[in-house]
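Two complexes, one shared chain (chain A), two partners (chain B, chain C).
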Partner chain A sequence: MYLHYGIYLVGSEALHLDQLAAAILKENKSFEVNVHLAKRLPLPAENEQTRPRIDLIVFLMDLRSQHSVETVKASLPYVDVNFFLGKVCFLAVGGKAVKHQSVEMYTLKQLADSYSSPLISAELESPDRRCVTARRLLQLLKVAAGLVPGVSALALSSLIRP
Partner chain B sequence: MGGAVAGGAAASERAPNGCAADWLFLKKGVWGLAGRRPKRRRCLEMDSTEYLIKVLSRFRIVDFPKLLKSWNFLSARRLQEVNFKETTRKDLILKLAQLCEDNGVTLKQVADLDIIYNCAFPQKKRWNSYQMFRSKGGEEVKLFDFGDFRMTFERNLKMLIRNAMVNILEHGEAVWIRIAWGKRHTPPNQQRASYAVYYPQTPYVFIANLPAQYRVYVSQALVVATEHNVLKEMDLRGHCLDSLRDIAFKRFNPALPTHHRKHLQQLNTNQESDQRITTENLREKEDAKRLTSAAFGEGSLPKLEEVHYRLQTVFKDERNMGILSDRRKPFRCVAKFSSPNILESLRALPALGIADVPISTMFSSIPEKGKNYFKITDKRTVGPNTPGP
Partner chain C sequence: RGPPHRPAEQPVPGTTSPPSRAARPGNHLSPSGPGKRTASLSYPGTSGWRISELITRGPRGNWFNMEHVTSAARAEIKQRGVCFANTDATPAVVKTGKRQTPFRQSSAIRKIPRTDLPVENAEQIAALLQKQWRLYHLTPLYRFSYTMLKKYSNELSVFIATEQKRGVAIEVGIELASKAKFSMLAGLRATENDPEAVSIQITTKTSVHQAVAEKVVWSGWMCCVDGDLGFLESLPVEFICLPLLFANGPETVTTMVGEWLQKTFDCYISAFPISSENLTWMAAMWANCFSDSVHRVMELEWSVPPVQLTISLSIHPEDAKALWDSIHEDEDEITIDEVELFMSCLHSHFYRHFGVRLAATQLVKVSTAVASAHCDGKLKLFNSKHIDHVLPFLTELAFHQIQYQPRLCNSLD
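Our next item is the complex of A and B:
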């Protein structure tokens, strides 16, 4: 039975999650990954059966939209506590367009710290930057799924802790 | 060819009337730097060549052949002699001005060229829409005769204001009217001309650049010439004349009626080519898409630049904070949404997750209601007023 690892991207549709998903699948060369896109948690009940294991949850927040931050904050209580030991990651998008920002990076950092998870700054506008972000996420996924010998998700998260 | 070159050289040495050369150098870019327009001391007293140079200065190199051809003042043979690509724009303009002056161009003919330029680029002006009404039980509508209309309009306008220059041209399905206004002792100001576009057999007119003081003259002349009774302003303004016309004539794609909504759903099932990407909220997304298409329609929407809501609503205190909850007088405020194409942006909002579906009828009813300036009050009255949010 083929084992598929699952990465969940949770964020609003304005961020074009499908493009990031395509980039992840393109960059991935070593193992089977399924990408799931969701606007918020909890996930709708109808797809319960076909869901593969959840190895990494990425929450995408847009610095230009307070709404996206609120959605993520509302989704976090639905995540089981065990995930926060290295299987959750926050992505801050839109850091480049300083003029249009309405949320401060500091707020996002505080949120990520309160959940003991890493916050990655990313830009998803150009294909190159998407590639780079996809590679980072894949690396995190590898550790979270236990594919890197000697490093566990918990160990990695303790290294990143501020 | 030699004759034309010699003519061009002569023109640059002897710039007609002295101020023409100044104007060529004072092109838009330099005015922008200075931040001010030059004083209009001599500009009111313009002769045809000066004004011709002004009009030609707005053309781009690619526009020259086409617009000059439809102007039809210079014969085709003469136009062929002018090489549009070789000379610089400045020289070309001077050369053409010289050519036209030799052929005795009048101010009225230059005004015709001005109309032709605006026909080609109507988006440079801001148009207001007006509708004319005639009393019930009026006579049958006669077939539109352009010559009659032109004569009647000009005669009526000249009766009301003596010192004005009127040009009327037919372009496509519309009649374009250009009016340059002059006061008692000053000649008509060509640079601040008003434009009116009238669609025959319809009661709609679109007017740009009309100062408030002259509005009554134009409306009087129009209603008499078109056998109506009154001209009323519609609250529909914008830069794209074709879109305003489509909204007024209700020529855009209407929102889909309810029994077509299910049909749309079946069309969108083939999207996911990659099996490894799953969208969890797919049904929600499709619902949102369906509702927006139902509200806005699928086809291209007319182009409006802004939507203006004037609110006169009483403050509604949701959280019961008590600070303003006992204020009974309505607040007056204006909410303005602007965008290069506002209807398309509103249609895209639910797909981007920025707005909730279904989109408020205040937005989706804009094309149907045919206005983009709304007044919102609390009372439930019949007509354009809608209840406050």
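Our next item is the complex of A and C:
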């Protein structure tokens, strides 16, 4: 049986999710990964039966756009509670340029803490930064899918509890 | 046998229980309803669930299912203060208690300064208006003395003369020597703890029609208005903190003055970009002070980088004031909720009429009758009466940057 592990990237289209997806697929790994993109949740109900397995959900938020944060906040209620035990991760993009920031990092951190999930700051502009972020997400995916012996998603999430 | 059986709590929808921070000791038997006992794992952070149960019931795309979580586990979650989203659309957001995060929250409430005090030094302050100023951060100056202003003037003049000889041009057509002048700028401090503002002017003598006239080539001023008391008092005696530097004139002269200041007073000058969030604060604060004398439209400008588009919206000042009055309650303070509500009203109005979602764009410029600010750090003051509405806020931003986000760039941009 050939297992593909699924990672979902949820965020507005301005964030160029496809570039990050390409970076994830390009990485060397010992397992197969399917990357799915979504602008918001809930996913359309038509493909409910044939939906592949979801191991990690990554919510991307742009510090420069209040709208992306609102979209993610509206999508979070549609996630099953079991995902928050280490299978959800928040990504904060755009923290480098001060002059266009309209959302504070503090608010994003509050949001991530309230859902007990990690918040990663990432820069998706240049290919190397995308590579680094892709590698980090793949590491999280490995733990979330149960591929790392001795470390479970729950153990990882307990490390960031307040 | 185990510890006495505790009744499971029923979670009440819509409320959040206070977080319990007491760490549970290692192995324990958790209560789980009459007759059922489940063993728990030994490391803290879990709440008596069985790990195997969770892994076998791993998510396979069921988005609306909370049956996997047993009622006992739900009670545990509730007790710990974590409440995950229910299946209905309204989420129950949890408050996990105060936690030291590395990110600092900028203040949610800002005071409105009083403007009924008479303006001292009206003529010099009037000279500051109507000019496009470029903002810079200035770290505290070492051994700056108000009695040696004449000496500083001479030194700066000499420095500029040597730079001119080296070939650095000030302005096209200027060959004669230029002179610098330092002077005190009274009337710009809010409290006794603020140091007096200092103004610098660089003039050159030009010969026009056989007469020698002085022309101001570059002017700048440094000030600190209502600075952070704790920081000012913690500074050693030799330092004077004037965190804002305003400059008007050619970039080359700004660089020269900056170099001289950095060398003489061991300070550091860096650029002052204003974030979109702070620009929205300015829009709200300036809509608050409505001036009958100057009739100037309120203009907001947004930029959409991917499409190279700039969206500009002009609002009649009375409409802006009416909208703000309907939101604003407290006479002395402005809260962040009022500011956000103000902006979201403008966003939804724009969306309704033009279909463009401004929340996904970036605010770059705010212009009202009081002042106009650009995100690159450019400022223009229009009204000397309302100067107290602008400068304390900028000083607060400057102090915030010094204390929490020092950014060391290697050039003036």
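Annotations for the structure displayed:
FYI, the second predicted complex is superposed on the first by the 158 of 162 C-alpha atoms of A that agree within 3 Å, B and C clash if a C-alpha of one lies under 4 Å from a C-alpha of the other, contacts with A are read in each partner's own complex, and residues count from 1 in each chain.
In this text, a contact is a pair of C-beta atoms (placed from the backbone, for glycine too) under 8 Å apart; a residue touches a chain by one contact, two chains touch by 3 or more.
Computed from a predicted structure; not experimentally measured.
Once the two complexes are overlaid on the shared chain, A:35 sits against chain B while remaining clear of chain C. Legend: residue contacts after superposition of the two complexes on their common chain; A:44 is shown touching chain B, with no touch to chain C.
By the document's definition of touching, of the two partners only chain B reaches A:21; chain C does not.
In the superposed pair of complexes, A:79 makes contact with chain C only, with no contact to chain B.
Taking chain B and chain C in turn and counting the residues of chain A each one touches, the greater count comes from C. In the superposition on chain A, contact is made by A:13 with chain B only, not with chain C.
Using the contact criterion defined above for the overlaid structures, shared-chain residue A:139 touches neither chain B nor chain C, since it reaches no partner. By the document's definition of touching, of the two partners only chain C reaches A:101; chain B does not. By the document's definition of touching, of the two partners only chain C reaches A:53; chain B does not. Overlap of the chain B and chain C contact sets on chain A: residues 12, 14, 43, 65, 67-68.
Considering their complex, residues 19, 43-46, 51, 54-55, 57-66, 68-69, 82, 84-86, 88-91, 93-97, 99, 101, 103-106, 273-277, 280, 306, 357, 359-364, 375-376 of chain C touch chain A. Residues 12, 14, 41-43, 48, 51-54, 64-68, 70, 76-85, 87, 97-107, 109, 113-116, 146, 152, 154-155, 158-159, 161-162 of chain A are the ones that touch chain C when the two sit in their complex. Chain B contributes residues 274, 276-281, 283-285, 351-354 to its touches with chain A in the complex.
On the chain A side of its complex with chain B, the touching residues are 12-14, 18, 21-22, 25, 33-40, 43-44, 46-47, 50, 65, 67-68.
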